[in-house]
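Both complexes below contain chain A, partnered by chain B and then by chain C.
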Partner chain A sequence: MSSTTLATKGTEPPAAGPRASTTPRRHRTRHAESRGAWILLAPYLALFLIAAAIPIGYAFWIALQKAPTLVNPASGFGGLDSFITVITDYRFSGTFINIFSVMIVWLPLMMVGIVGLALLVHASPGRFGSTMRFFYFIPGALSGIANFVLWVYLLHPTQSPLAPLWQEVGFGSLKEIVTDGNMPMILTGMLFFQGVGTWIIVVNGGLNGIPDEIFEAAKIDGANAWDLAWRIKLPLIRPWIGYAALMNLAYGFQLFLEPYLLRQISSGAIAGEWAPTQLGYAFAFTNRNFPAAAALSIILLVITLSIGVVIVMKSGLFGDEKEEKR
Partner chain B sequence: MKTKRSLSASAGVAIISAAALVLSGCSADGGATAPEQTDSGGKITVWVDPPRVPAAEAFQEAHPEIEIDVVQIDGTVGGQTVKQAFANFDSAGSGWPDAIFFPSNDDIAWATGAASNYAADLTDLLPDVIDGYDPAVLSFCDIDGQIRCLRNDAAPDVFWYNKAFFDENGYTLPTTWEEYGDLAVEIAAAHPDKISGFLGDAYAVNRYLQAADCPTNDRLSESEVHINLDDPNCVRANELLSQMYDGGALTTQGIFDGDAAAAGVNLVMSPGAVWWGNYLFRDTWKIPAGQMSASAPLTWEGESSPTAGNEGGGLWGVSSHITGKQLENALTFATFVATDPAWQVELSTGLPGYGPIQDAWLAKLEADAYFADVPAVQQAFKDAAGAVAPYSYMLYDTGAAWTETVSPTLIANGSMSDALSTFGEELVNRANSVGYTVTAE
Partner chain C sequence: MSNSAPGVVGAKHWTVGRIARITVMVVIAAAFILPIIGFIAMAFRSQEGVLAGTDGFLGLGGVSWENAVYSWSQINGFGPGAGGLFTRWVGNSLVIAVVGGVLALVAALPAGYALARLRFRGRKVMLFATLLAMVMPNTVLVIPLFLEVNAIGAVGQLWPVALIMGFFPFGTYLVYIHFMTTMPQELVEAARIDGLSEISTFFYVALPISKQVIALVAFFSFVANWTNFFLPLALLTSNQENKTISIGIQELIGASPLFNATVAAGLDVKLYMPQLALATFLSMIPLLIVFLTAQRFLIRGQTVGAVKG
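Here is the complex of A and B:
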C-alpha cells in the first residue's frame, strides 16, 4: 500500500517491491537530463568564468595590493588602502553625482517610454502596429558611434536642423551647448533614442506571450482597452519591465563612451573623469594606480549588484514567481 | 526555492555587472622591474600620429634597407590611448614600439618617470644631432640633465596679427602685453565681431600663463612641483585676461574646436605658435593670403626682454628597452625624422626644431607667399625660440585642467578670476592625485 502511494507521487525514491525494476531507468533518465543540462550550460559557464568570475576575483586581489607611487615605487600588500584612495579622491563623489543627475531624468522617461509605447504598439494590431514598431526601432539600430555622430550633428549650433532653437536660447558654440549643466539632458536624449526602440520590441515580445484567452475573458467581464492595458497587461509584463529597468540602470552606472566622446567634441570642456568608469580609467592609466582602479570597479560592482538584486526580487524577473505560487 | 532564486538572481546580475570590470580586467601590478634590453636583429616598429605618417613614409623611401612596421596611433592631444598601451606594456615587460611620436608633449613626463622609464637617454647616443638644436628648443627634452627626446618642430609663440585689418584701421602694433590688452578692448568696442584671442583650448594656458612665467608647471624634482596661481606673475596674466574678456575681446572657444573657424576668421591679433600660420590660418580657417603677419613676442612692462609661451612642437622618443642593430636602426629613424630635409623641410608644416635646416624651411615661406610681410614673419620665427618661458611637462595634464575649468566657468557666467582660481584648484588636485608634493613657494 505504502509503496504504491509513494511511487505514484513520483517525487520520492520508490521503495522495494514490483516497482523497483523501474529505478535504474529512472536514474538513467535523470542522469541524462542533468548531463544535457550541464552541456547546455557549459558555454555560459565558461563565459561567466572568463568574463565575470575570474576578473571579479582578480580585481579583488589587485585592489588589495599597494600601488607604487612617485616617491615610493615599492608595491606589496596594501589592505584596504586603495579603497580609501578611491573614496577620498577629489572627483569620487562628483562622478556619482554626475551619473545620478543623468539617471534621475533618463530612467523614468525611459521606462515610461518603453512601457507606454510597447502597450500602444500592442494595442494597435495589424499593419499600423508593426509599422510603428519598425519606426521606433530605427534610432536603436543607430547604435554606438552612429547614434553618437547623429547627436554631434544635432547639437551643432550652426549645422543642426535644431540650430534655430539653439540660437534662440543663446547657444552660439558647441562649448556653450555641451556643458556640465546640460549633460543630463544631452545624455538623456542620446540614451533614450538609442535604447527605446530595442526595448519596445523586448517588452512587446512579453506582451505577445500573454495568451489571448486572458484578454477574451477580460473583455467578457467588460474590460475596455484601458483596463486591459492597466489591469491585465501591465501586471503580467512586470518581469520584462524589471529586466528593462535593470539593464538600463546597469548601463547608466557604466556610462563611459558617451561622456568620453562628448569631452572630445566640446574640446575638453567636459571633465575627463566625468563618470565613475572614467575615473577608474584615469586611476589605471594616468595615475598608474591599478589597485585603485580595481577598487573602484568593485565599488561599482557592489552598487549595481545590490540594485540588481532588489529589482530582481521586486519584479519577479527570471519567472520564479510562478513557481512560488504553485 | 529561496536558495535557487538568490543563486540564479546573483548569477544573472553578476554577468550584467561584470562589464563594469572590463576596465580592470587588463590590470596588473605596476612597478615591474626593468627587463633586459632586446635586439630583433634590425626590424623596428614605430608609432606615429596621423600627421607624422608622411615622416615615416619618407623614411621608408630613404632607407629601404631597414625593415620597419609603421603603426598609426591616436593623435589626440591629451588622449589616453597611448598612455593606456604603455601602462600595459610596462606591466607585461614587453610590447613597446622602438620609436614613437608622442601625441602629447606631457607624455614625456611618464615616459621618463620611474614607473615606465621608456624613453632612452639620447645624450650619448646622438650627440651630434643634439648639438644641432638650440638648447632652448630642446629644453623640454632635458630631464635632469639627460636629453630624453628630440624635438620635431619648434613651436614658440610669436605675435600674430591681421596686417590688412591693422593697415586699414590705422592701429599701431602692440609690443607689450599691456598694450595688447588695451588695444584688444579698443578694437572690440569699435568692431564688436572682431576678437583678439582664444581661451578654450589646452594651449591657451601656454599662450597666456606660461608667457607670464606663472608657475603652473615648475618642476622642482621628480616628486615635487611648485604651483601658485597667486604668484605676481599669474596675477598679471589674470589682470590682462580679465581686462580683455570683460571688454569682449576674447572668445571661450578654443583654436581646435570644430566650430572655431567662424571666430577664427575674425581674429585680428593674438599670441600664437609659429605653426598657427600654415595650420590654422591657411589650412583650417582658410584666411585669404596677404592678410596675416607676425611680429616678435610681447614684453611685459618693466621687463627688458620678451616672454612667450610654447604650444606643442612634438617630441620623438626612442625605446630604452632595445639594443644592438635594433637600437641602431631606431636611432637612424629618430635622426631622420628630426633632421632630414625630406621630411622636415619638404613635408612638415611646422618650423623644424633642428637648427641647421630652419633656414631652408623659412625660405619656403617666400615661395608660398601666404603671409602679408614674409621677411617680418621669418624674423619673428627666428627670434621667438629664445623668448619661451621655462616650463616642464608633468604627469598631470595642465591643458586638460585648463579646458575643463576656464571656458566652462566663463560660460556659466563666472569671472576670469573665478575661472583661474578654479583652474588653480584643479591643478593642485591633479598634481596631488598623481603623487606630487605641491609647494606654493
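Here is the complex of A and C:
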C-alpha cells in the first residue's frame, strides 16, 4: 500500500518495491544501514550504559558482597547475605504494608478520577472542554517539591483555606494531622492532585483517536450520551486505562519525596523508613551498608521491571503493529 | 460524577444531564485552581497577616508587593555570611536541567530516528529496553546510581547528575513516534537512491523536519530534570554549594520555625509560610517560561504523543 506513491513515478514495477534489488547490492546496503544505525545510536547507548545498565550491574555485584562491620572490616563475597539482611529487617515488611495502605485508597480513586474526568472532557466539545482540560492539568505542572509545599499550606491547621474544616475535625497542629493513620489520605490527596491532569490528557488522547463514525453510528441506533460513554468509549479505551493503572501502580512502589518530607514537617511523627525507597536510603546513608542498600534496590527493580514488562507487552499500546501495516 | 447518568435519558437541549455534567466539571476545576491561587497569594502576604487571619478569601486581601520584597530578603539572606544560597541553587538547577536536556536531545534524536526508520539486528531489543526504561519509575535506580558515582568519587559534583539526566528514554520514544508518523519510509529510500549515507540522511533529511519533536523532548526533559528530587538528594546533599533548587527548598522547609523551632532559632532569617510559598513560586518561574514557550508545540504534540499515530 505504501509503495503506491513511488510506483506512480513509473521507475519501478509497482508490486516489487525496494526488496526487488539484486542480492549483493541488498546485502551491501543492509550492512551500511546497520552500521549507520549503530553510529546514530551511539550517544544514546553510551548514556544507557552510564545511567541504567552499569549501575544495575554494579548494584548486583555490590549486593553479593559482605557488608564490612566494625568487628570485621574486610568485605568480600557474601552471597545472598545482604538480601537476607534486607528481608529480615524489622522495617522491611512494614514499608510495603505502608505502600499498600496508600495504594488501596489512592489507585481506585485515581482511576475513577482519570477515566471519569477524561470522559466528561470528551463529552464536552469545543472551548469549554479544552478549558476544563487545561485547568485539570495545571496542578500537574506543580510536581515534586512544589506540590509538597502547596500541600503543607493546605494541611496547615490554622493557615490553610481549609482551616475551618481541620479545626472542625479537631486538628490543632500539623503533628495531629500528619500521623501514620492519616498517611493514606494525605498521600492520596497529594498524588491525585499532582497526577490526575496528565493522565486525563493521555486518556483523552485515546478517546480522540476513536473515529467519529463509531459515535455517529451509535447515535443513529439511539444511543444517548450515557450509553456512548459506558458502552462505546469505555471498552475502546481499555488499553489506556490498563496502561494508566499499571504505571500508577509502579509509581507507588517508588514513593520517596512525600513520605520523606512529611516526616520532616511532622517533627518525626512519621517513621524515617516509611517507604521501601526510604529504607534503601537509610541503608546507604545512615548505616553505610551499601550491599543491603543495593539488595533493596534490586528487589524494587525486579518489582517495577515486572510491572513494566506487563505494560510494554500486554497493554497493546507499544506494539510494532503500526510498522507491520506499512 | 455518575449522577449525571439518569438525567441524560431522554436528552433534549439544556437537559438535567448537561447541567449536571457542566456543574461537576466546574466544581472540580475550582477545587484544582483555588488552592493554587491561594498558594500564590500566600507568597505575597505577610506573616502578621497570616497569623491575624484578616486577609479575607484565600488571603487575597493581604497581598502586596512590599510583602514579597521583604520575603525575598529573607529567602536571599539564607546561607552562610550574606546568604545568596537560593540564587546559587537556582543557577545549579538551570545548569543541570539545560545540560541534561541538551544531552537528551543529542542522544534521543539520532537514536529515535534509527529505531523508527532503519533496519538492523538488535532493533527490537533496543526498542524494548527503551520502553521498559521509560515506564520504570526513575527513583528505583537512584541508589545504584549513587553507588556508581560514589565508586568514581564524584559525589557532590554537578556533572554526574547532568550526565545521568541526559539519559531520557521517553525522549527517544517521542522521537521514534515522531518519525514513525511523520516521515514516510519512501523519503529514506529516496535519500539512499540519491547517494546519501545513513548519517547524512539523518542530518539533511530527518533533522530539518523535527522542529516540533525537538521542542517536545526539550520541554519534557527540562521539566523532569528541574523537578527531580531523589537523584540530587542522594548525589548532592553532601555539598551545600552544589545543591539544586528542589532539594534546596527542602532545606528551607527544614529551617522554618513552623516545623523546626530549634534550627530556626539559630538563623538570622525567618522563613514562615509566605517565605516558603514565595521561594516555591520563584522556583516555578523557569518551568512556567519553558511551558509558555513550548505550549503551541505541546497542544499539537498531544495528538502525536498520546494517540500513538
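Rule of thumb we're sticking to: the second predicted complex is superposed on the first by the 257 of 326 C-alpha atoms of A that agree within 3 Å, B and C clash if a C-alpha of one lies under 4 Å from a C-alpha of the other, contacts with A are read in each partner's own complex, and residues count from 1 in each chain.
We take it that a contact is a pair of C-beta atoms (placed from the backbone, for glycine too) under 8 Å apart; a residue touches a chain by one contact, two chains touch by 3 or more.
Remember, predicted model here, so these are calculated numbers, not experimental data.
Engineer: Given the touch rule stated above, what does A:Phe48 touch, chain B (first), chain C (second), both, or neither?
Structural biologist: In the superposition, A:Phe48 contacts both chain B and chain C.
Engineer: Once chain A of both complexes is superposed, is A:Ser93 in touch with chain B (first), chain C (second), both, or neither?
Structural biologist: The answer is neither, since A:Ser93 touches no partner chain.
Engineer: Which chain makes contact with more of the residues of chain A, chain B or else chain C?
Structural biologist: Partner touching more chain A residues in the overlay: C.
Engineer: Which partner chains sit in contact with A:Ala141 here, chain B, chain C, both or neither? Use first/second/both/neither.
Structural biologist: second
Engineer: Of the two partner chains, chain B (first) and chain C (second), which one does A:Leu120 touch, if any: first, second, both, or neither?
Structural biologist: In the superposition, A:Leu120 contacts chain C only.
Engineer: Return first, second, both or neither, reflecting whether A:Tyr281 touches chain B, chain C, both chains, or no partner chain.
Structural biologist: A:Tyr281: touches chain B and chain C.
Engineer: Tell me which partner A:Gln167 touches in the superposition: chain B (first), chain C (second), both or neither.
Structural biologist: In the superposed model, A:Gln167 contacts neither chain B nor chain C.
Engineer: Once the shared chain is lined up, is A:Ile270 touching chain B (first), chain C (second), both, or neither of them?
Structural biologist: In the superposition, A:Ile270 contacts chain B only.
Engineer: Which partner does A:Ala32 reach: the first (chain B), the second (chain C), both, or neither?
Structural biologist: Only chain C is touched by A:Ala32; chain B is not.
Engineer: If we overlay the two complexes on their shared chain A, which of chain B and chain C does A:Ser297 touch? Say first, second, both or neither.
Structural biologist: After superposition on chain A, A:Ser297 lies in contact with both partners, chain B and chain C.
Engineer: Output the chain A positions appearing in both contact lists, the one against chain B and the one against chain C.
Structural biologist: Looking at chain A, the two contact sets intersect at 48, 51-52, 55-56, 58-59, 62, 156, 158, 174, 246-247, 250, 253-254, 256, 264-265, 267, 277, 280-281, 284-285, 290, 293-294, 296-297, 300-301, 304-305, 308-309, 312, 317-318, 320, 323.
Engineer: Give the list of chain A residues in touch with chain C in this complex.
Structural biologist: Within the complex, chain A touches chain C at residues 2-3, 5-6, 18, 29-30, 32-41, 43-48, 50-52, 54-56, 58-59, 62, 112, 116-117, 120-121, 123-124, 128, 132, 135-136, 138-139, 141-146, 149-150, 152-154, 156, 158-159, 161, 174, 193, 197, 201-202, 204-206, 208-209, 224-226, 246-247, 250-251, 253-254, 256-257, 261, 264-265, 267, 277, 280-281, 284-285, 290, 293-294, 296-297, 300-301, 304-305, 307-309, 311-312, 317-318, 320, 322-323, 326.
Engineer: Under the stated contact criterion, what part of chain A meets chain B in this complex?
Structural biologist: Where chain A meets chain B, its residues are 48, 51-53, 55-56, 58-59, 62, 65, 67-71, 73-75, 89-91, 156-158, 173-176, 179-181, 246-247, 250, 253-254, 256, 264-265, 267-272, 277, 280-282, 284-291, 293-294, 296-297, 300-301, 304-305, 308-309, 312-313, 317-318, 320, 323-324.
Engineer: Residue numbers of chain B touching chain A in their complex, please.
Structural biologist: Touching chain A from chain B are residues 1, 4-6, 8-25, 27-31, 76, 78, 80, 83-84, 87, 91, 110, 113-116, 200-202, 222-223, 251-254, 256-260, 262-263, 395, 397, 399-400, 403-404, 407-408, 411-412, 429, 433-437.
Engineer: Show me the residue ranges of chain C that touch chain A in the complex, using the header's touch definition.
Structural biologist: 1-2, 4-5, 8-11, 17, 21-22, 24-26, 28-29, 32-36, 38-39, 42, 50, 53, 58-59, 103, 106-108, 110-111, 113-115, 118-121, 123-124, 126-129, 131-133, 135-148, 151, 163-164, 166-167, 169, 172, 180, 184-186, 189, 192, 197-199, 201-202, 223, 227-230, 234, 246-247, 249-250, 253-254, 258-260, 273, 276-277, 280, 283-284, 287-288, 291, 302-303, 305-309
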